[in-house]
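Presented sequentially are two complexes of chain A, the first with chain B as partner and the second with chain C.
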Partner chain A sequence: MAQFRLQGSRVLAVDLAGDAVKARNGSMVAYTGQMTFKKLSGGGDGLRGMVTRRLTGEQMTVMEVQGKGTCFFAAQATEINLVRLNGETLFVEADNLLCTEAGLRTGTTFTGLNGMASGDGLFTTKVEGSGWAAVTSNGPAVILRVSQGMPLRVDPGAYVAHTGNLNRSLKSGAGWTTLMGEGGGEAVQAEFTGEGLVYVQPSEKITFGGDV
Partner chain B sequence: MPFHKINGKMVEAPVQPGQRMFSQRGAMLGYRGEVSFTPNLTGGQGGVMSMIGRRVANEDTPLMTVEGRGTVLFGHGGHHVHVVDLVGDTLCVEADRLLAFDGTLQQSTLFMGSQGGVMGIVRGQVTGQGLFTTRLSGHGSVAVMAHGGVFELPITPGQPVHVDPQAYVAHRGEVTNRLSSALGWRDMIGRGSGEAFQLELSGQGTVYVQASEEKL
Partner chain C sequence: MSYPPQPTLPWSTAGQGPVTYDAYSLPVNDNVNPYAFSVELNGSYFLQKGKMVAYYGDISFQGVGHGALDRLLGQQFNSPLHASDWVVAQGRGKMVLADRAFDLNSYDLDQGNLTVRSGNLLAFEPTLALKQSIIPGFLTLLGTGKFVAASNGPVHFMEPPVRVDPQALVGWADCPAPCHHYDHHYMQGVLGGLRRLTGLGGASGEEHQFEFVGAGQVLLQSSEALMPERSVGQVDAEPGVPGGGLPQQGYQGGHQGGGQQLPNLQVPGLGNLGDLGRRFGL
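For the complex of A and B:
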């Protein structure tokens, strides 16, 4: 079993004993022991995954790291969050997914118009199964709980990932002032309802919604 | 003169008369007391010959001499600063990653190509590190800059450490480094894993690795 641990807050250390993990291409910074790196054909699982990746543009070039020893991963000095999955599903932008245990399945889902307005694209990456996943965020992420009757609205540019049974919809906070060019810069928000956890980063990606 | 960390990106150093310190030009953020900063034409220690050596080696980051009495704050470009205390051993670091160091340390330029012959020259080209590196030895402190903080990995005989050349910051101790390539047919057809070249460090010592693949 691969052991995931954090070395500081920006470096992920994975102890491998002959097994494999999937990681973003080129994200290895150092390793001890013996490791081999192999680019995976596609990113999603199987041939179907590959075809969907190509079509959706939600492609993350993934490599398989296999060996004995400790491998260190980091991505542009971003903070790393470890997520333990026990059968639930993690939805994350491909840009924010750093590393997953070999037992986890990755796929692509359609988010529809939501994603498009938020600049995340029409598709997002889905990680399912049991095991560890490492998610990067620009600055330390906060984890916000969403429960029944307590919906959460986040800025689409600050959204990183979510787990659990959540519905995501796009809300507009735009009023007549926005139309006059006096908007507060928060015209578009993503609303989450249901039960689950949302990871929010203290930084905003450039989004369409952020301009109005 | 030890460096005192104010936070992850700033260090403070006391300066006393008779004790010089070198720092990257423009890296002073503030100071207390009577401190003078003189641009160092020779780019560090030694005479004109070592200056020419550094010019040729392209390891001549502009340095300034810090002298006087007081305390000085150093920081540069929002990069994380890591302090290495040398006790008679040597530290090899790229000149542009040097923020400041004690004047008591011996500075020299090391020809990397001498380690590993032709492969050493290839390594310099491939990793963008060039053929030369700066070597500091003696007793004293060095403040090194890195993007996203630094972590240390110990190197022991028989257990080499492989580092991504872009994430490599510095190393200390009796360490030889060599470029190891994992080039295969996959890289030739554009299906590489992005980890085709690695620096293999072996011997006895420590390697400093940054949490990013961005060169300074």
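For the complex of A and C:
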């Protein structure tokens, strides 16, 4: 059973006892003990996943790390958030997924036009099962709870991941003033309704709707 | 002035899970973590375009210059020159603000004044009035209320008299405006003159400072990487108005962290030879 812990806030330490984790290719910064690193083609989802990822553009180069000891992972000094899954599903952009326990299933899922307009692409990565996953964010993520009667709207550029049973829909804050160059700066928003948690980073990616 | 909260690690590494927030547990007008600030909105709030990352409740964002806001703007937003960078959030709810993972701090002004670099100011309560400072690239807030400013690294407070590096300056409160200070030695002699004219050789990069005197506080960021400048627009050409009619790209614009600290480099049209030009009556 791999043990995930944070070493500081930007380095992930995983204690392995002969078992394996899947991590983003090249994200290992140090290890103790004996480790083997094996590149998994196509995001480690098998042949079908490989084809899907190629087709959907939700590409992920993943390696399998197996051994005894402690392995340290980091990605460009971004903050690392540990997510414990107990049978829930984590939806995360492939760019933000750093490491998962080998027992978790990863795959791609269709987010529809919502994703496209926000610049996140049509597809997103899905992580299912029980175990630990590590998600990166630019600045420590703020975790916001969504429940019935308490919907949340998020700037698509600041969205990192979400868990639980959430509906995501795109809302437009744009009006006729946007066309005149006097928009509110928040023309595209993603609305989350249902029950779950949304991870939001304190920074914004450059997105299509970002400057409108 | 209230001091900003001490930065803490986002959450402990052992055992307990990460902190989750909802519309009720989000802090009221306080930092969520050093990089995110939560505003409880009931009415209106001014913020820089694109700095909202998430919100609960019913909030609308309107560009400054919108007809319905004219009255509010006339009273509180007296800096129309860069109006297109600002947005008014209106409604009820909780709103999380952030800016490229820079450190955010909130400050309370009580019948005070504070001048801040235009790129660092993120949001402010409408009880404050925003005006353009006569120092190019800076904005002044007047009145009573709270505002949020970003900095590259935590902010430090200094008491005048103090000389600061231009790139580390975030702003100043309740004290007279800074003046330029050049190390005298650096200007002396033939070599000094040559250096001044050509910008070549011998500079340590710290010969030029801003000097503050009087009573008040000076805010410094803990790095010399400038925040990207926000254009504050063009001041009308008028006798006696500093920078009037000229593009507002003084010492801090366009030279991001480049250590460009030599005098007389920014005379428009003449560039490096500004001083020489004046001497020869050009």
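What we mean here is this: the second predicted complex is superposed on the first by the 211 of 212 C-alpha atoms of A that agree within 3 Å, B and C clash if a C-alpha of one lies under 4 Å from a C-alpha of the other, contacts with A are read in each partner's own complex, and residues count from 1 in each chain.
Everything below uses one rule, namely that contacts are C-beta pairs under 8 Å (C-beta built on N, C-alpha and C of every residue); 3 or more make two chains touch, one makes a residue touch a chain.
Every value quoted in this text rests on a predicted model; they were computed, and no experiment measured them.
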item: Partner chain in contact with A:153 - chain B first, chain C second, else both or neither; value: second
item: Most chain A residues touched (candidates chain B, chain C); value: C
item: A:77 touches, of chain B and chain C: first, second, both or neither?; value: first
item: Touched partner set for A:31, first chain B, second chain C, both or neither; value: first
item: Chain A residues contacted in one complex by chain B, in the other by chain C; value: 7
item: For the chain A and chain B complex, residues of the former touching the latter; value: 7-8, 10-11, 25-33, 35-39, 41, 61, 63-64, 72, 74-78
item: Of chain C, residues touching chain A in the complex; value: 9-10, 13-14, 17-23, 26, 32-33, 35-36, 48-56, 60-66, 84, 87, 96, 98-101, 104
item: Chain A to chain C touching residues, read off their complex; value: 5-7, 9, 79, 81-82, 84, 138-140, 142-147, 150-155, 158, 173, 177-178, 181-186, 197-198, 200-204, 210-211
item: Chain B residues touching chain A - in the complex, by the definition given at the top; value: 80, 147-149, 151, 153, 159-164, 167, 182, 186, 191-195, 207, 209-214
